[in-house]
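Reviewing the structure listed below.
We just call them A, B, C, D and E in the order they show up, numbering each chain from 1.
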Amino acid sequence: MNPSNYVILSALLFGIGALGVLVRRNAIVVFMSVELMLNAANLAFVAFARMNGNLDGQVVAFFVMVVAAAEVVVGLAIIVQIFRSRRSASIDEPNLLKY
Amino acid sequence: MNAVATVVHAVDVTPWEMPTLDYRLLAPVLIVLGAGVVSVLFEAFLPRGVRRPVQLTLVFVTLIAALVAVINLNGVRETAGQGALAIDGPGLILQGAVVVIAILGALLMAERGLDPNGDAFAARASSLPGSEDERQFTARGYFQTEIWAFFLFAVGGMMLFPIANDLLMMFVALEVMSLPLYLLAGMARRRRLLSQEAALKYFVLGAFASAFFLYGAALLYGFSGSISFGEIAASLGSKTGETALILIAIGLVVAGVLFKIGAAPFHQWVPDVYQGAPTPVTGFMAAAVKIAAFGALLRLLYVALGGMRWDWTPMLWVISILTMFVGAILALTQSDIKRMIAYSSIAQAGFILLGVVAVSAKGLEGAIFYLIAYAFTTIGVFAIISMVRDENGEATHLSKWAGLGRQSPVIATLFTIFMLALTGIPLTSGFIGKFAVFSAAYASGDKWLVIAAVVASLIAAFFYMRVVVLMFFTEPNEETAIVAIPSIFTTIALAAAATVTVLLGVVPQPLLDLIANAGVFIR
Amino acid sequence: MQEVMPATGVFSLLWLLIALPLAGAAILLFSGRKTNKWGPYLGVFTVFVDAIIAIWMLIAMMGNSAEQRTFSQNEFSWMFAGNLKVDMAFQLDQLSMVFVLLITVVGTLIHIYSLGYMSHDPDKRKFFGYLNLFVAAMLLLVLANNYLLLYVGWEGVGLASFLLISFWQIKPTAAAAGKKAFIINRVGDVGLSLAIMVMFVTFGSVGFDEVFGSTSQASEGTLTAIGLLLLLAAAGKSAQFPLQAWLLDAMEGPTPVSALIHAATMVTAGVYLITRSNAIFDAAAWAATAVVVVGVITMFMGAIIGSAKDDIKKSLAGSTMSQIGYMVLAAGLGPVGYVFAIFHLLTHGVFKAGLFLGAGSVMHGMNDNVNMRRYGALRTAMMVTYATFIIGTLSIMGIPPFSGFWSKDSIIHAAFESNTLVGILTIIAAAITGFYMTRMAAMTFFGKARWEDGVHPHESPKVMTIPLIILAIGSTFMGIALLFWGNIETWLEPVTGFEEKHIAIPEWALITITLILVLAGAAYGWIQYARREVPLVAPRGNWLTRAARQDLYGDAVNNTLVVQPSFWLSRFLVWFDGSWIDGFVNGSAAFFGGLSARLRPYQSGFIRSYALSMVGGAVLVVLALVLVRLS
Amino acid sequence: MNSFPWLTVLGLVPLIGSVVVALLPKSMPLLAKQLAFAISLVVLGLVVVMALQFDGQSEFVFQFQESYDWIPAFGVTYSLGVDGIALVLIALSAVLVPITILAGWNDVEQPQSDSVGSVKGYFALILLLETMMIGVFAATDVFLFYVFFEAMLIPVYFMIGRYGGAQRSYAAMKFLIYSLVGGLFMLAAMIGLYVVTGTFNFTQILLGAGIDANTQKILFLGFFLAFAIKAPMWPFHTWLPDAAAASKPGTAVLLIGVLDKVGTFGMIRYCLPIFPAASDFYAPVIIALAVIGVFYGAFVALGQNDLKRLFAYSSMSHFGFIILGIFVFTTIGISGATVYMIAHGLSTAALFLTAGYLMQRRNGSSLLSDYSGVNKPAPVLAGFFLFAALSSLALPGLVSFVGEFMVLLGTFQRYMWVGGIATLGIVITAAYVLRVYQKSMTGAVGSGLEHIKDLTGREISALVPIAALTIFLGLYPAPVLNVINPAVNTVMVMVGATDPAPTVGLISTTSQGAQQ
Amino acid sequence: MNTVNTGEAIVFWVCAVLSVLGAVGLITSRKAVHSALWMALTMINLAVLYIANNAPFLGMVQVIVYTGAVMMLFLFVIMVVGVDSSDSLIETIKGQRFLAMVLGLLLIVIMVWGLGSSLAGLPAVGLGEANRIDGGNVQGIAHLIFTDYLIVFEVTSALLITAAMGAMVLAHREHWQPKPTQAQLSVARFKSEEHPGNRPNPGIYARHNAVDTPALLPDGTPTDASIPGALRARGEIAPVDINDGRAIEEADSL
């Protein structure tokens, strides 16, 4: 086996995450899918760090977690705000802006 | 660099070399971000009544200081922060442009003479739309002064984005720039449902795009073993093989940045967000984000991926043509002026991409000139949009603009000048910008791209001129909106935007010289 | 070869000949109502002064030797570019001289006559302005020293003709007739234009001297082309077949106009052109033959039309066509005929002017009724008119010693000299002339009065009858004078060349045969229209009569072949322009608008579908990169 | 040479005037008119003084030259200068502007006018347009030319859109978009030219190494398309009838009389010298289109019932002649085309202004069927109308004849059959022009026209200069020919064409001498 | 450490399968809360994989920050939004699911194929050396963060401040007047016109217990007071047959 399998796994997770964004209607689940994609990227970073023999990848992954955390906070705040005014967490519901 | 160095001489645990920080080089960004922190502290500790004036003072002092700091760096060409930032001519010009546009944007955001209830932002963003809370907050004249902290952080991110010299810095700068904007987009005073929807869309799609960028960055890192642009470029030149990896990596990274510039097919957020966001934010965002994101795209493509230009130029041709036409064609049938301008900004992004695909010094110069010209014009456009109002706030439906030329000839004339600039009529900045990017593309052999751009400009002319037709060629009716008298803030912004739009059309040489003297990106 | 003399002495006034009536026209047309009172007299005055200068010039010219009778006056460079150089330059030679005389003298008479004829017209001033304009243009036509300048006069007279035909433009028929004359003339102008172009391309110049001086070096084909194009021009202006249709309608104009322009001067410009271009026709036999053929055809057409019309002016117009046919065919005969073409032109100018003015006088007395079936027995009512008209009739019929006899006989003679068939045809046409002129005189002055109620025929005022008398005198003696005293052959010979040939038939026999046939025609006319009752409504008549009443279907042919197709083409193109060309333009605008409307739904407002297109974009970007690498 | 910046001053005077007029209070329309008129007269005076100093014999092609760096980054200079062709066209603009102002004195306040603009606005736009017109003819830098070429659209766009008739928005938009089609393709070609030559300065482009033939063929198309649309040449013409029909007469005069000349001017100035090989290559196609245009325009005019549209189509036919004259590459043809431009400017002005006077007298209706017998109540009007018609059909003795005949002669010299066919156009021209005159002016007086007033002194005084110039230059075109011939010769040298010599060479030696 | 030993291979395969399972579960669960739990599964497995990849620090952070804090935040918000709300899996946007499948799978195929084909060539250096230099993984990362990535580190703080303040601005409900105390509320309640006690529960004595069915008062008459205000406002009140109540009584008495 080869460390590159980790990268393949990350690609798979990334793709599943992207698919999740496309098919799910609950805003929170959509957002979790995005988080899954970020995690997949992290996995790739970690695996590549190992393959390249430097720690930069791990550091990046660390920062990504920080960024993701910040993003989650903002995102959830926006979702909560939307939910409060619309009583719905469906991502299809806010659909006034179009065409 | 450092990682390699440590490997060489350290077997045992050795003390770290302390990083050297040249504060002069970092000053512009530090000033702005530091001011952001100060602004947060103001929010925490100052009584509500004095927050607004203090914050405004802080913002303008900060921005002017940042501008001075940028000018102070004139001629610098080096990296800073252990190679994370590239302080070079184009980077500084873009930073400077961001700061100047930010000043204009701040002026628009500070305006509170237009809406009888206050500025463009919700009195309390957390109050429910239509609730008693909201009414009370509005009636009591509350202001959400936190916007200024967000604004400063966003400006800081925008200043970092085009000078980021590694993938991590770029990613973080992207987020620093975006998160405050997501928030600001959702804080409109009127039509709050639309505003919140815009924020949600901007946020979800922005995060989605960031994920693409990040995954592409991971692959690039995997390929080259480093996240620094210089080393990526070096490894692209030296390594062979792993073609699919690097192509996918480029594709995903570029897709992430193309989202920010609003290139088709990553453009669909643009109309919705531009329409929903508070108009001053839209103006600021449309102008400054474009500068920052294009700066980043240019650096990414020219510095890190320059060696692969034969691979990515055809892809950008396709994107550029698609962007120009999607923007221009869809704008034709819009009835909301903000939405129309949003589509127009998509088309304009397509034109700027012409400078990018030229992959030459001329292309870089052209793109930068275009960005600056476009940014000023756009700020002006949104300044006027924020002034045209009826009893429900801004009258963005085009039918309400009918006969505006009769009611407020000055404003209508200014708007016409902006429209002419966007169309690319000579003696406006837009023409010189178009000329610069078209000629760069032509010189690089992209004749057909220029022809396509010409056709797209033509389609675009149609909807720009439609507004002029409405304003000047039709009689006002009872539907017609009125132009509110703005305070000094918007007036300054509008005057500056109009002046620059005309000035850059008539005497573009100083700016062209400035850009040309700035040289190319540092590697 | 003629020597070109600088225009000194009286000849230095050459420009004045044109300028004087032109100034008159300008004053009359631009000054407004202020000149209403004295304007007409100014008009008469300018032409009268012209006539005096012309006579003075004639006298001066006769003082010079035959080789030294060409005077040239160069005013300034007119059109120049590349190797084109056309001067505003005038040239007076013997040929021009006779025309100048004809124009100014007959012109003066007709101007004077018009004082009376138009005395009650509110637009009298304008009328004299137009007449003056005409005189100026006609003089320019005959005085030009190059074809391009001639062309200016050529169109100038066309313009004057247009203006004067539609002078009473409140009548739709008059306006239409003017337009028709102008447009048909334009067809002839195309011929003249092209002829000038061919000349320029061939000779590098359009001056008379240069062109005629180098005809020998040009190919016969080129010269034939020039000749045919000139013939087309002449046909237009002189109402020759196939461009004859306008002349009959031109009678809508006031009668003095018909007399001056459509009988005496302008319509003979074609003859002038052909005669002037003798050097070309002499070297282009085919073109000359074509001239003869056109002349013969028109001679008969005119005669036949003249025989069937009940409108006195139209009948006279037919006669004019026919007589010009004579001249044209004579001009086509070459050096044997040029002189006689001009000779006939001069005599015809005088007697036809007289006839027209006479007709005008009759109409004046008959409340402007032109229908001869409503005339009759006018000889007692208007004695002077009657007498002068009869003199004119005899002259045109070719009865000796009236002037027409001498000129027409010369043409018949010349025709026999070159071609017997043409000769015979000229005699037959002379016989028809006898018939229609007799018919006209008989219907007008003889038989019973068929006047409409309330018409009280009376003699015209002196201002009208005096010109009639002068012209009648001319009609009587001019032939003899020109032939024997003026020696017209030798006079014109330096310009047109002249050669005398001898034919088998002795001259007296020819004269006798001609006279007998003419008298036979006259007798038939007399019997038909003086002896018998003239019905008030024209009988149906045979096919030829009916065709002649329709101008031999000239208009019908034009309408079918040219006017209607043009109209259809025009309508088609209007439709095509709107539906196809503009349709394409608007269609492409609509296309983009439609495309926009169709694409808008894809901006569905759903975050997930936006995300979908982003994924699609990412896939697209990656695929594009891969494809580029693969290719 | 003269160091006084004539051309800059010439452009600045109306520009400043325009601003001043625009800044006048709305309540003083009369002052705006008077001021605009005075300024246009000043410009005319300046042009006359300048033209008198023009040296027809000078070895300099361009005179009154000025040149400053403008955008060195793009090799753009602010270079002005006139050759004979430009000079006469500037003079034409300077003559027509005061006439237009005078003729359109009350156009904006017409009760039947549904324009939305103010009085001062209209006159300010006219003056602004004058600046642009002078600039476009005086520019000797391709970029500068383009700037004026495009900027010119804006005042016209407003003049049509704000002050026009019922269809004004549509027409203005169509005009603008059409012009932009050409303009933007020209921009692309101009960029190509810059990339190839590295400069925009006209003289330097010509002095530089030639452009290779294949590049020429591509770039030529961009320039030519712009000029063909502006001119307008068949089949790029449909904007013109709409624009003319929707415009005020004054607008139409400036639009067709001067502005459209920029197209044909551009062909002579830019297409021929810069792209000689391509001009040669495309000449047959262009000539074919031009001839089609001559007849197409004439026949469509024959079937029109709207006066303004009719004149627009007639102009299209005339432009066919002009383009024909340019692309046969003979001295006579090009000279003729230039004279034709002047002539057409004058005759168009006469036509539109008289038609405008006529329409004012009947609630602005432009339908031919609404008029008949006008000659009776308004003989002076009818007289000028007839004069305009005759000028339009190129009556010998009028300047249009000089132009038309020279064009035809030049064409015939090069292509006998084309010349021959094109000559037939003069018949159709006569047919439609006289049809209009006959229908509107003659016959019984139409209902509603019985009591119309004849022309006033102001109206007449606008027409008299046109008529005087038409006649004067028709009989004595030397002032024009003297200045344009050297310029035309230069163009001929640049295209590398020589005039065909007469087949019989007897006179040719002297004529050659005259040409020098 | 550049090769993968058998033990790690076993760990990889187990965790890889579980993480993919978690991911699939995330996007297929009807209930958001289930999705969150599936997500947590994936994250924990990723943490294991990080550790297997010589990234023990990241593995810990993953567990603590991500699985611990972030997922809790998610769950918290899910609770706020409504834990029971379940997503209908029927697609409402025309063609979305089909195209999503096509494009999503295409993306996965391209990436997996593309990476799979080109990764084999990449060297696998291993982190042994890198981890050793500074005396351990944590130290190594720390070294980098505080030297090379110092700027980023500092800038991230801006991000966090933004996030914190953003959450506050959007979610913190400030009040324009002091919150009423219990006592005040109680007084107000009794002062109001409304009935101070509990409202009848839906379905009491009614034929159905659905919320839109009015409760029946003891006398058998229906009362709207039991219906939630929103439904009342929309007029969605189920019709009640007065006799129903009697019918029930009758039924009860049987």
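Methods note: a residue touches a chain if its C-beta (ideal position, glycine included) is under 8 Å from a C-beta of that chain, and two chains touch if they have at least 3 such contacts.
This one's a predicted model, so the numbers in the text were calculated from it and none came from an experiment.
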Chain B and chain A - chains in contact with each: C, E
Topological distance between chain D and chain E, in contact steps: 2
Path length in steps (a step moves to a chain that is touched) from chain B to chain C: 1
Innermost chain by mean C-alpha position: D
Top-ranked pair of chains - ranking by C-beta pairs in contact: A-E
Farthest chain relative to chain C (centres taken as mean CA coordinates): E
Separation of mean Cα positions, chain E and chain A [Å, integer]: 13
Chain B and chain E, separation of their C-alpha mean positions in angstrom: 33
Intercentroid distance (Cα basis), chain E paired with chain C, Å: 102
For chain A paired with chain C, centre-to-centre distance based on mean C-alpha positions, whole Å: 96
Chain A: positions in contact with at least two other chains: 7, 14, 17-18, 21-25, 30-31, 42, 47, 51-56, 59, 63, 67, 70-71, 74, 77-79, 81, 91-92, 94-98
Chain D: positions in contact with at least two other chains: 177
Overlap residues in chain E, where contacts from two or more other chains coincide: 93, 96, 100, 103-104, 107, 110-111, 114-115, 119, 122, 129-130, 144, 148-149, 152, 156, 159, 162-163, 166, 169-171
Which pairs of chains touch, using the document's own definition: A-B, A-C, A-E, B-C, B-D, B-E, C-D, C-E
Touch list for chain B against partner chain A, complex: 3, 125-126, 128-129, 167-168, 171-172, 175, 179, 182-183, 186, 192-194, 196-201, 203-204, 207-208, 210-212, 214-215, 217-219, 221-222, 225-227, 271-272, 275-276
Complex contact set, residues of chain A against chain B: 7, 10, 14, 17-18, 21, 27, 30-31, 34, 37-38, 40-42, 44-45, 47-48, 51-57, 59-60, 63-64, 67, 70-71, 74-75, 77-79, 81-82, 84-86, 91, 94-98
Residues of chain A touching chain C in the complex: 18, 21-25, 30, 91-92, 94-99
Residue ranges of chain C in contact with chain E within the complex: 604, 606, 608-609, 612, 615-616, 618-619, 622-623, 626
Complex interface listing, chain C residues touching chain D: 29, 32, 76-85, 88, 123, 126, 148, 151-152, 154-156, 159, 162, 166, 169-172, 174-176, 178-179, 182-183, 186-187, 189-190, 193-194, 196-198, 200-205, 210, 213-214, 217-218, 222, 566-567, 569-571, 573-574, 577, 581-582, 585, 589
